[in-house]
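Structure in structure tokens, see below.
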């Protein structure tokens, strides 16, 4: 059996669901999952659909062409189709913190994440040993103010030569350039160690401590040019009290960061996220 | 516009979604919501669908008859259709505790719950004043071991004469008889003050305290003949510690109970629950 | 038995705990609760202590005088003593929303809150019926831009003539003046319907919706001159998704608001809160 | 400076706190933390106290002897003193699952856990590579029904020869014998993958799935002879729905298990847990 996932969005109008499900059925497919959402304010329709086709009479190319030239055209759809046997290629960017990296690689090892990881990039050498233990190439690309352009050029070359689909910033402590963001729109996931939009930017745990909050958080989001302002994929929180120091916030935060980031990766690579208007639709 | 909600379950098989959505479209309807679930172990398909029809050419009776004799028959469906303009009639059973009652009536008053409340029944007179303040008839039907059969007969008469669709046991401290359960299968919602299946039966907060748990819970479920063993609709929890007494558990529990019960009522009356195999499917 | 609660803060130094506990013992008291906190950054010591004294040989006045002239003086303490038999007097300010008011009054009725409620003040007449049902005087003091000064004068007169200790803004939709804040420093509790410091000011649910957050919150805090920037007492959160409209945020938020506000009231009236440096110490 | 932590419990009576704090002060110590709890039902007093002493005139042996022969004797105390510079020796038992092990070792590496880890014991060879990466000796002690007694004898020998203070069962899939439990009473921490007391024993995720719960949990507890019935240290939960399979429960559960176990280890090794009557007091 061939399984595909369709992600669709278009102006809301009558007949989208019926036409699309009909099309899948006529092509011999069986719909095993369908979920949809309508943004009533902006009148946009979103749909995620999984279909199964028997292998002998299935051609992704034909399905793509026919859907594009009929339904997609009629309804003005933006859409993507993902065959389930193709694993997304995910590059990981790190600096010195290892907790998110361990968490991702642990899940990767256990089969929880349906991805390939062609390499890890870091501006520091420190985490090379972990990469080695998990058998993943580690590229140490140092980055100073002066070398940033050429370092990013090297990064981009690696990303392109490996046909990377997704970049995960696993506590990567560098601002990603607009060029990279432009090439990987809605394909770079960052973990920010605060409950956005509270405490964007540097040292959020210090700011949270100073403000005397009773709950801290972490936020995974797609990276956009404006710092920590991209579409939010997932958030979670932990309780704190006056007994906790900034150091305690940081320790508790590590647990949040790794889990919130890994959830976002799982959602993205399972093709359950759609982005519009700087927000996300997250299918179940 | 007429809006209807369809709830369907049947053996899983190819073509259910396409056929159903097609039918709605052919009848002039627009699908504004669709969600489905397949239980892979038991091979059962579940679907919730909302459709909008223009009022002039819509007949619920015709739609019902045609769907029943075609799609529903072909796929062996169990199904229900609910026109959105008909509000479910919900009876509330209480004893002496008032926190759940206040919470339900507050939401009812604010328009959060799409129900009619024809009356409140209690085995005690205590909460009559609250009912009066909210303008809802209150029937005090005392119940002793000896008078239970005739008291239940009175309850049933009230329920039937008002065509009640749903019974909510809002901390009602009597065991409901098998007869009533039989007449209202999957239509009686109870709130149990523990995290089921832990601590069923009487005095769960005392048992939780004795066991030294660090988290307590509340569970709303459909009532079945086996005590506290029916299909779970919703659960939630609160943290406790060694500093909390049983009395503290009870106070914290009140907050859980009222919110968990009201969420279950909302889910049921929005037609978002389906029951099978002593479990629930809860649509979003 | 007479029970008292001591709240103390002073510069951190050696011997505070031993000296204080010694003093209580010498006065014939038994310490039934002690908790302390040291802010290491600012070198401030905080303590909450409950002591029991046999009634015959106990004088609050003498204890106060002796502690003040010895221990408190030696260590430079700011301190307060609260005899447990004196209930704090709590005034409630409301506008039109009733969910927080119902929640507070329900807890008050059930004995969960150890307070007296001398009256409710509102700038609208709408909630007078609820006040009446609970047997609490309701003062409707209309407030327009022009009448604000004299309306506040009336409020202040009521507050003073009833020796009010605490003001609770239960979704009171007016900015409280600096004069009132000055007279009731750290004695006015507000509920803000966001996860502060995110979304201060007006329409936080609308802002949260626009930003696409996955979690919303509510924050209870002491009122200071800067809007929504006072010391945080308690916060809690609820999950939301793309399927929720602003209206859904508001409905979910109501559940948060009422519980977070009631928790803050309970903490304050149980003398478990201390304020310093625009933060709170919350004893367990 | 020398820092010590005292853990005390005894029958509740007047003067314990004052006498103890006085003693510390007279020995030249400064109390930097004190927290106490009274179980009113059983009339037991618990206290945790941290004191700082200047190194020159501090002797742990003398303090121990004097406290024992005076205060401890007078009040009938069970008590322990822990000098903070002595790290507890913690052995880890594992089988094949690696998620808890990775989590513990990651925290150990980052300095979050104040322990020594003399070795890891496993009944399988699989996780030896991880141990090696972290530089910790790994003892593969196979265990069949027949070899259990001698395998346990080997375990015990290792534990004793290294003066192990704490055993952590990090998803160790063997029942620990009564002999080992007897030698390490309240010194063996297990992680059980359910919200105890729900679903003790084998395959809790399968049972939770079958029961249709909406929340799953994990519980860390001290091991006693009765399976999964020992004193609970920490619990946490995650939401599930009808869309989750048993496999999803297991994946979500992994995140719970590792965090709940690591929290329990942290609490124990920070000397913040006390056990009585099959329950725990957890100091903050």
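Chains: A, B, C and D, in written order; residue numbering restarts at 1 for each.
Heads up, the rule we're going with is that a contact is a pair of C-beta atoms (placed from the backbone, for glycine too) under 8 Å apart; a residue touches a chain by one contact, two chains touch by 3 or more.
Just so it is clear, the model here is predicted, and its values are computed rather than measured.
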Taking each chain's C-alpha mean as its centre, the one farthest from subunit C: A
Chain pair with more C-beta contacts, B-C versus B-D: B-D
Rounded Å distance between subunit B and subunit D, as computed from the means of their C-alpha atoms: 42
Subunit B and subunit C, separation of their C-alpha mean positions in angstrom: 37
Where subunit D touches two or more other chains, by residue: 241, 243, 284
Parts of subunit B lying in touch with subunit A, wherever the complex brings them together: 14-15, 17-19, 21-22, 24-25, 30-36, 38, 284
Subunit A - residues contacting subunit D, complex: 98-99, 102, 106, 109-110, 112, 129, 133, 241, 243, 251, 254-255, 259, 284
For the subunit A and subunit C complex, residues of the former touching the latter: 37, 39-40, 195-199, 211-215, 217, 231-237, 241-243, 245, 278-282
